[in-house]
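The structure under discussion appears below in the form of structure tokens.
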Amino acid sequence: MKLLEYEAKDYFRKYGIPTPEGCMITDPVQARMFIEKLGKPIVIKAQLPVGGRGKAGGIQFADTPNEAKNMAAHMLGKQIKGLTIEKLYVEEKLDIVNEIYLGVTIDRRNKSHVILASSEGGVEIEVVAEETPEKIIRHLVDPVNGLRSFHANLIAKRLGFKGRKMRQFADFVMKLYSLADEMDAELTEINPLAELEDGFIAADARLLVDNNALFRHKELEDKLLSSLQGELTEREMEARAQDLTYVELDGDIGIIGNGAGLTMATLDTVMLYGGKAANFLDLGGGATPERIEKAVKFVLRDTRTKAVFVNVLGGITRGDHTAQGIVAARQELGSVKPIVVRMAGTKEKEGRRILKKAGIETLDSMEEGAKLAVKLAEGS
Amino acid sequence: MPRFIDRDTRVVVQGITGSQGEFHTRLMKEYGTKIVAGVTPGRGGMEEVGIPVFDTIVEAKESHEIDASIIFVPAPYALDAALEAVEAELDPVVVITEGIPVRDSIQLVARAKLNGTTIVGPNTPGLIKAGESKMGIMPAQVFKKGDVGIISRSGTLFYEIAAHITRLGLGESTCVGLGGDPVVGLEFIDVLRWFEDDPETKAVALIGEIGGDAEERAAEFISGGEFTKPIAAYIAGRAAVPGKRMGHAGAIIQGSSGSAESKINALKKAGVSVGDLPGQVAEALRELL
Amino acid sequence: MKLLEYEAKDYFRKYGIPTPEGCMITDPVQARMFIEKLGKPIVIKAQLPVGGRGKAGGIQFADTPNEAKNMAAHMLGKQIKGLTIEKLYVEEKLDIVNEIYLGVTIDRRNKSHVILASSEGGVEIEVVAEETPEKIIRHLVDPVNGLRSFHANLIAKRLGFKGRKMRQFADFVMKLYSLADEMDAELTEINPLAELEDGFIAADARLLVDNNALFRHKELEDKLLSSLQGELTEREMEARAQDLTYVELDGDIGIIGNGAGLTMATLDTVMLYGGKAANFLDLGGGATPERIEKAVKFVLRDTRTKAVFVNVLGGITRGDHTAQGIVAARQELGSVKPIVVRMAGTKEKEGRRILKKAGIETLDSMEEGAKLAVKLAEGS
Amino acid sequence: MPRFIDRDTRVVVQGITGSQGEFHTRLMKEYGTKIVAGVTPGRGGMEEVGIPVFDTIVEAKESHEIDASIIFVPAPYALDAALEAVEAELDPVVVITEGIPVRDSIQLVARAKLNGTTIVGPNTPGLIKAGESKMGIMPAQVFKKGDVGIISRSGTLFYEIAAHITRLGLGESTCVGLGGDPVVGLEFIDVLRWFEDDPETKAVALIGEIGGDAEERAAEFISGGEFTKPIAAYIAGRAAVPGKRMGHAGAIIQGSSGSAESKINALKKAGVSVGDLPGQVAEALRELL
């Protein structure tokens, strides 16, 4: 899950990472109060779970209390990428000598955390990786031995820092890694990490926590759903609330499969035959009739859907359960949209019998099923 | 070299008293797997599916010879369970559990490596030696003893292709699910090495999907000439959109990396026959054999 | 450093280890208030840095507010093993089903932490080890892999606990180990660890922290000196305050050496020739003249000392410095106690010259020096 | 087998800019030790005693070939420094630092073992190959090239006995201080094994003290017949009182274990000549050789 900047900075402070003085506000008056107390120019940042807010006007500056209040009032309620700004983060404006990038993420190939640092801060790291890869320092963290001060010193050194600055930056690296490790971060990054005259400070803060690890971070569980707003479409949010593994696509054939690989292959096959999937919906293993009914209903209700292809290879998932779920969904919705079912494996015969009775076509192979679904979607 | 299984492999089921554990223990037993003990902390002394249950592996080993472990323990406890198996020198350790934090998988894989233990998974359907033994949740009926080894990152798609292979009369030797998580123990290359030396495997089906670069690395390995048997592949996810997780935690195209296209191109360049449809993998293998 | 029970229990609570309700008091009235609030019989325990307080009357019980107040008044100010009781710990009295021992300490041979557990709680573990060693469960903790739940489960199982109790006890073990590890404990133990009807609780608490690790536990540094009261003699406390490595012995020959091994060998040699050392004083490496002066003065001031043997094998420690320190100490104290100096190594000649001028005898070998010191002590 | 040193061993000094580090770097250089670099984080780029100083070992290795490390870093930072040397594949790693928390020593020794690295110390005077090289703080003048290997838990007592040996004209081969802490890397047995195979060592002096059971285990090892060279021993601490630390953190009699008597008896039972006086060790060796 993606934390907002102000939430991420709360964790940064907990781990002793220097951050500018700031606070989250929801009312323009608070912006005035903050700048009055601070007595220095401030930056006002929209708190939204999407990237690229800077270009979209989500980062503004103010030098006086009135400016701060007016600007905050101007920003609150505005929309960026379809999301309404409800929270702002006001923060002291920094005298930045230099902008650095520092991040910790997972290296799939090496099966470890990797620390990325670059003297090219303030730019997206992907852009740096593309254009000047030699400017990115990569340090793989040994999972058994962890990160030690000498690793951090070397990272700081490679970035060009010496003496006191080297040790200050190394300290920053150590703390950010501790946070990444203990908070189960899939990604945490500071971009830009500001170099000041006498040290470093996290001008921005990004923190993505592994959803699978939320049992270790109970305080975040409640925030999960709201954190997904920027990431998921409305329909995906709905599916999530119904506990369905669903990805929205832009075609017109609803796809339901059991197992991620099979469902992906179903999409691919539909595409191969000239169709376009409206979604990816993975039932997972051993779905009950109720779960299947819920899934089919969810896809049928999608007005874009012209036909539905259900592809179930039975192992733990039973054919009869699948059939029952499909029939129930269709009956309850009174839907006449064509449904194609490919069914094989456990309780296949029983399933086919149930579907036949309900007038739903079943096929032996995914290929045939995909072909038929494409044809039906075109014909409708 | 990873360690796999055969009819003599003696298996402990960790998490045997859970519903998944119990259900699949029954199916594995039916298939012929030598399940000798179960472990669930706090449930020592009971029986499940006719198998004695212990609180710890150490205790199970006091009265039973055990070679390998399969784990159905819930995600928050799975790391400890797997490390218990590693410490008890069981090998392979097959982690069926889905939803394990990636930090735990990193720890597990690194510590197992120190011990030289093969970790299959997490989030894997497991492995099967057709006609002899299975440590996994795959449906038995689609497999038949034969010559084709299968390596797959996914579950049902793996069964789908196995069914095609079986239908064409080729049959399977050893089949291994690698697991759908971003960080897993066993990788394509490890299994390819093993298949190269396995006299019972005459050809290989490789089933990949979007995310990561394991398929690209497998292609590189195959290009290197160390793998000499016929091989056909299928890659799922051509229709996937970048930045979205397609069911599996590991199935995600990030930036320019992890696309199906990149994997397909790499494999084709390595001389691997890549099917556009799952069924074509079986057909290609029939021709290659 | 040895923490008092109430201090140790504060740490126990921090680590989530169940402890009886209790509090530290210094006034009898507080005992009455505590029992009134608790509404149950209590135990009153003297807080002293020495063992065996139970046998010495340092643990008492009270059922009523008056009893509590009177008993506390009776205990405060009393002496146990030469130490005055200034603090009491009042605590709810438990309904104990069974007493268990649980401890974590360092295994020198295996170079790791070791967890010790025994069903024979309430008795000293050394006694159990002597009489019924089979009743002690030992688990060595792998320093790289740490302690895992399955290790703790097995310890609980070996103690005879099953099901829920096994998991409860295992949880106790995990927490005590976390505390031992993170707090740099040389030893932490719970004896007795009380088994109740529905769980476990730490009836007592012992925690010894590695003095070398106090830089990681700043909050304890101030308490170090007072914690040594039970461990060190008055003279040893004084030496410590002067930063001298000093052990008090019961003879009459003051021994000063450089290096622990050499100083021990000096004691042994003196003993071999029939003498008895009054102390062990190790100058350490590279002592300055001032440090040597301080050490010699400290030993000379001891009224039991009849002669002093200074044994310095110069490496980093210089002969001239040694000689200057000895001469200065003697002059300043105006002492006439005989001093024998064995000197070899760096600046040996210069040192001997200085000592000769001051009328202090120097010898070549430790053996000769020891012999002479014994003779002089006998003769005085 | 532990790795020791000779005139060709290239050494880095960690903590070279501290007063101890600087002082002993000078003395080691004078003795002939090949000190090629120093490391102090934050001080990279300067020079100390004519030796270039780096911030990290990795950087030092970019311009210098380095074999081994000696550490003078203050106790709170010593674990990290030693792990840096281990990770850089330096061997041996000699930890002079005193006052390291025992938890850190446990971690260091365990992690070095995974890497196969010899840790000498902590709290050791170091080691010396007489007449060639020293990585330590021992006074050079008491050593002279010869046939006797020395292993000692203490410092000055070790020099005392070395001086006796030198005075009798025997001289020393390799001498190793094990360190006075309760947990150290190298132990008597490790060094005895090495001495057994070392052609330059004809006899051995073993210098122990109260605390722990390293001497008893050495005696057991010698009894086992794996050590065949003449050996004489001295054990300090007969006059020590139980429960009191005698200077060294490790020199403490706990309960019934760790007494000088126990050690002396064990060694005598193993056929080792144990002197009542330090000088008698040298005399015994002269007779045994």
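Think of it as A, B, C and D in the order they're written, each chain with its own count starting at 1.
Just so we're on the same page, a contact is a pair of C-beta atoms (placed from the backbone, for glycine too) under 8 Å apart; a residue touches a chain by one contact, two chains touch by 3 or more.
Here the structure is a predicted model, which is why all the values come from computation and not from measurement.
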Open item on the list: Just to be sure I understand: going only through chains that touch, what's the smallest number of steps from subunit B to subunit D?
Closed with: 2
Task: Of all other chains, the one whose Cα centre sits farthest from subunit B - done: C
Task: B-C or A-B - the one linked by more C-beta pairs in contact - done: A-B
Task: Separation of subunit C from subunit D, taking each centre as the mean of its C-alpha atoms, in whole Å - done: 27
Open item on the list: Centroid of subunit A to centroid of subunit C, CA atoms only: how many Å?
Closed with: 55
Task: Shared-contact residues (touching 2 or more other chains) in subunit A - done: 144
Task: Where subunit D touches two or more other chains, by residue - done: 111, 114
Task: Chain-level touch network, classified as line, ring, star, complete or other - done: ring
TODO: Go through the chains and record each pair that touches.
DONE: A-B, A-D, B-C, C-D
TODO: Write out the stretch or stretches of subunit C touching subunit D in their complex.
DONE: 106, 108-109, 111-113, 126, 142-144, 181, 184, 186, 210, 212-213, 215-216, 245, 247, 249, 257-265, 267-272, 277, 280, 282, 285, 313-316, 344-346, 365-367
Open item on the list: For the complex, give me every residue of subunit B touching subunit C.
Closed with: 41-45, 55-59, 77, 80-81, 83-84, 87, 111, 114
- [ ] Give every residue of subunit B touching subunit A within the complex, in rising order.
- [x] 23, 75-76, 99-107, 109-111, 114, 137-139, 141-142, 152-160, 163, 180, 182-183, 207, 209-213, 217, 234, 236-241, 244-251, 255, 260, 276-279
- [ ] Could you pull out which subunit C residues touch subunit B in their complex?
- [x] 144-145, 148-150, 153-154, 157, 162-164, 166-167, 170
